[in-house]
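Just so it is clear, A, B and C label the chains in written order, and each chain counts residues from 1 on its own.
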Amino acid sequence: MDFLAEQLPIVVQQLIAGLAYGCIYGLVALGYNFIWNAVGIVNLAQGDFVMVGGYLYAASFVPVVASWLGPGSAGSSFWTALLLTAVGMVLVGMVSQRIVYYPLRASHPRTIMISTMALSIFLKNFAIVAWGTYPVATSGLFGQKWFRFDLFGLGTVTVLYQYVFILVFTAILLVVQSAFFSRTRLGRSMRAVAQDQLAASLMGINTPLIIAITFAYASILAGVAGVLLAPIFLVSQAMGSIGLKAYTASIVGGFGNVIGALVGGLLVGSIEVLSASYVSSVYKDAIVFVVLIAFLLLRPQGLFGKKVIGSL
Amino acid sequence: MGIRSLSMKDKTLIGIILVLAALYPLITNSYMKFVLMTGIVNALLVVGLHFIFGLTGQLHMAMAAFWGVGSYAFALAVTRLSWPYWLGVFAAIVAVGLLGLLLGFPTLRLKGFYLAITTIGFGEIVRLILLNWAPVTGGVFGVAGLPRPTIGPLQFGKNQPFYYLLLAILALLTLAARMIEHSKYGAAFRAVHDDELAAEAVGLDPTRLKILAFVLCGVYAGIGGAMYASLMQYISPEVYTLERSQMLAMMLVIGGMGSLPGAIMGSVLLTFLPEVLRFLQQWYLAVYGAIVIVIIVYRPTGLWGIWVRATEWIATLLKRRGDTRGAA
Amino acid sequence: MALLEVSNVTMQFGGLTAIDNLSTRVEKGEIHAVIGPNGAGKTTLINVLTGVYPATSGSVSFEGVRIDGLRPYERVKLGMARTFQNLRVFPSLSVRENVTVSQFCRTTSGVVANTLRTRAVVREEARVRDRVDEALNFVGLADKAGWPSKSLPYGQQRLLEIARAMATEPKLLLLDEPGAGMTLQETQGLGVLIKRIRDRGITVLLIDHKMRLIMTVSDVVTVVNFGKKIAEDTPAAVQKDPEVVRAYLGARGLRT
């Protein structure tokens, strides 16, 4: 029991980190799901959108905005740069779908997957041209600042402010998102298209536009994930690997399911962080993929998915 | 059997092999000669991928893992175990064939993107093992001092003879792939690709056929992996990545899905494309990605489709000229 | 011993009972029709018999052997072949190749032998070619062997499916609405074809809406409604059965 009591603060500390990473995966997984529901394809460049978002924020907008606003404006430059990044991601999402999805919309999904793969390669190499090969560091709102608290007298837990910020920010984003989908006309149109494209277009919804907006929204989510991650995970091409973890999260949660994406993300993030410290740090990613394969073999519909997958 | 009785695909295959044979001495730059050799090794892998991706239509994204296990099985067999060269190649074939079997089983149930993500995960697991199981794989340092082959009195240590050996292996394996494609297995693979339910209704076992396709792909990847190791004479884990798997899949798609000549054209040309674009300096890989997107989106039949149309166009042009001459 | 014996088969999807405790026997050498209004569970029955769906309860025996647990391709090997109501020819295969793959389960040569194209493989291929020619001749598609299967007109794609099923060398052929979408003339040809199939010693289980076709070719007719068997007799007797008439009068008359 002593051992457990000793370990508890450490586990709590790591769980908080795991949940923060999980939120990031969840946001990107949501993007996969929205696109999947709308057009039945998986955008393999989604992870690279995270990277583009991170670079746009850390390497492009933060320096520019900071020079506009002058010193001592960390807070307002963060929010301004975040907003600009979101706008930039709308552009990235719209242009990407126009080039790699729209012309192929009637082709076999495999062809579209290959074209998003080519987009992924393009984006990685474009990032080299645009932002160089060195990782970019940025401080965000809190930098590497952390705080401590005492856990029921068992020990001290040390947590980065950024982790807490990620949790809070994601929670607020999800509330806003759910209001958007249920209250606004655009949100309802997006849901209608996701449910049944044909019926939606018969009801007079401009389906191609809504699909483009869905892509744009998915890339905003990826971009925001990049911004949130930037202060704790140097911005580099390696950020694209988030895409795979997020894909895992969406499968674990149940592909196409909104709550599933988030729960899957939290689960993947926790598994990753805990296995890094209790199993093996070099094999943490391998463990995540083993979990993924186990899910696909034993429960392919995921935690929240419908039973029938059909001919995906 | 005269040349006229061969199909257009077969003629093109023979033509490609002959062009590749003639190309080597024509290239003067020794670096470019090496790139051409890499292109041949890529073609070996892509012809293997053709069985799964092209014929059976399964999204196999762990090609780099197959290829890496082939390289390592060969490298470890000839260095650690001091096995003879060709026994090492055989070990690579067996190792990757077994890996194909292991990966083939999950495909019992998984389709489409689910299969894609499974193979991606599988590939990453293999890559991490190659990277981190240092006592066996040598970790980040890889395995050095790998030999080039000999066959009896013939030495293939120098690049030129080794190139022609690689080309001969490619020709042989392409012939084998062509034979399988034209046999009952080729038709059965394509039937599974078209409609699994209907395939079962005419007595085909889709699972067995898919596993077979994975194993065949594994055999090619084993040979390709061993040849790559022998070409480089040194291997390290950082090349066997997801990006490489994607690259190989794209070579097949750009070449023209489901056609062997396209697979080889795509492999060689896409291996060269980045080198040709080097004058663009830092832009070259981004432009490469853009070119790939443009071909996939606007020329979905790939290089093979372009080639077919070009030859048809030339044929009608020649015919028209012949007709006018006949009229005059 | 009946060729096919269906005992108390029930098939449920969620809360919906598509087949309700259905039993029937298909005797060797007969043309056995299953009719019923739309949604009566006819296609579901074929899918259960061929192994696409596992039955919720009950058993199916073929030549006295229980086949409930077998996969569709295993049943084909035992001698059951089928066609599909909604056409499922292999679009990327030619007409000939569509029929050739059906012979796969009747051949034994392995991958290595095929790669080397050994003499045994050449012999096997010659034998397969004969069988395929025969099947194509049988349905009258021999002159279209080289066509891409998708370019065949609708009625001929149906014939191609029949040729494909015949090439698996079945003892029992299950035809799922083979006359759907056919012209009157094509349907008459189909009736003749079905009788010719029977004359070759192949038992036929036929599902269709077209009453004239059913009544002219069948030896036995089983009538199902809401997944239940409501009658089973000769065509003439079934036509007079009051319950059958009642089941049909709402939907359509028996004369069609």
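Keep in mind that, in the parts below, a residue touches a chain if its C-beta (ideal position, glycine included) is under 8 Å from a C-beta of that chain, and two chains touch if they have at least 3 such contacts.
These figures come from a predicted structure and were not determined experimentally.
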item: Centre-most chain, if every chain is reduced to its averaged C-alpha atoms; value: B
item: Dominant interface by contact count, named by its two chains; value: A-B
item: Centre-of-Cα separation between subunit C and subunit A, whole angstrom; value: 50
item: Distance between the centres, which are taken as Cα means, of subunit B and subunit A, whole angstrom; value: 34
item: Subunit B and subunit C, separation of their C-alpha mean positions in angstrom; value: 41
item: Sites on subunit C touched by subunit B in the complex; value: 50, 52, 71-73, 76-77, 81-82, 84, 88-93, 97, 100-107, 109, 111, 114-117, 121, 125, 128, 164-165, 167-168
item: Complex contact set, residues of subunit A against subunit B; value: 41-42, 99-100, 103-104, 107, 109-111, 113-115, 117-126, 128-129, 244, 247-248, 251, 282-283, 285-286, 289-290, 292-293, 296-297, 300, 309, 311-312
item: Contacting residues of subunit B [partner subunit A, same complex]; value: 57, 59, 106, 109-114, 116-118, 120-122, 124-125, 128-129, 131-132, 242-243, 246-247, 249-250, 253, 282-283, 285-286, 288-290, 292-293, 296-298, 300
item: Subunit B to subunit C touching residues, read off their complex; value: 176, 179-180, 183-185, 187-188, 190-191, 193-195, 197-206, 212, 216, 258
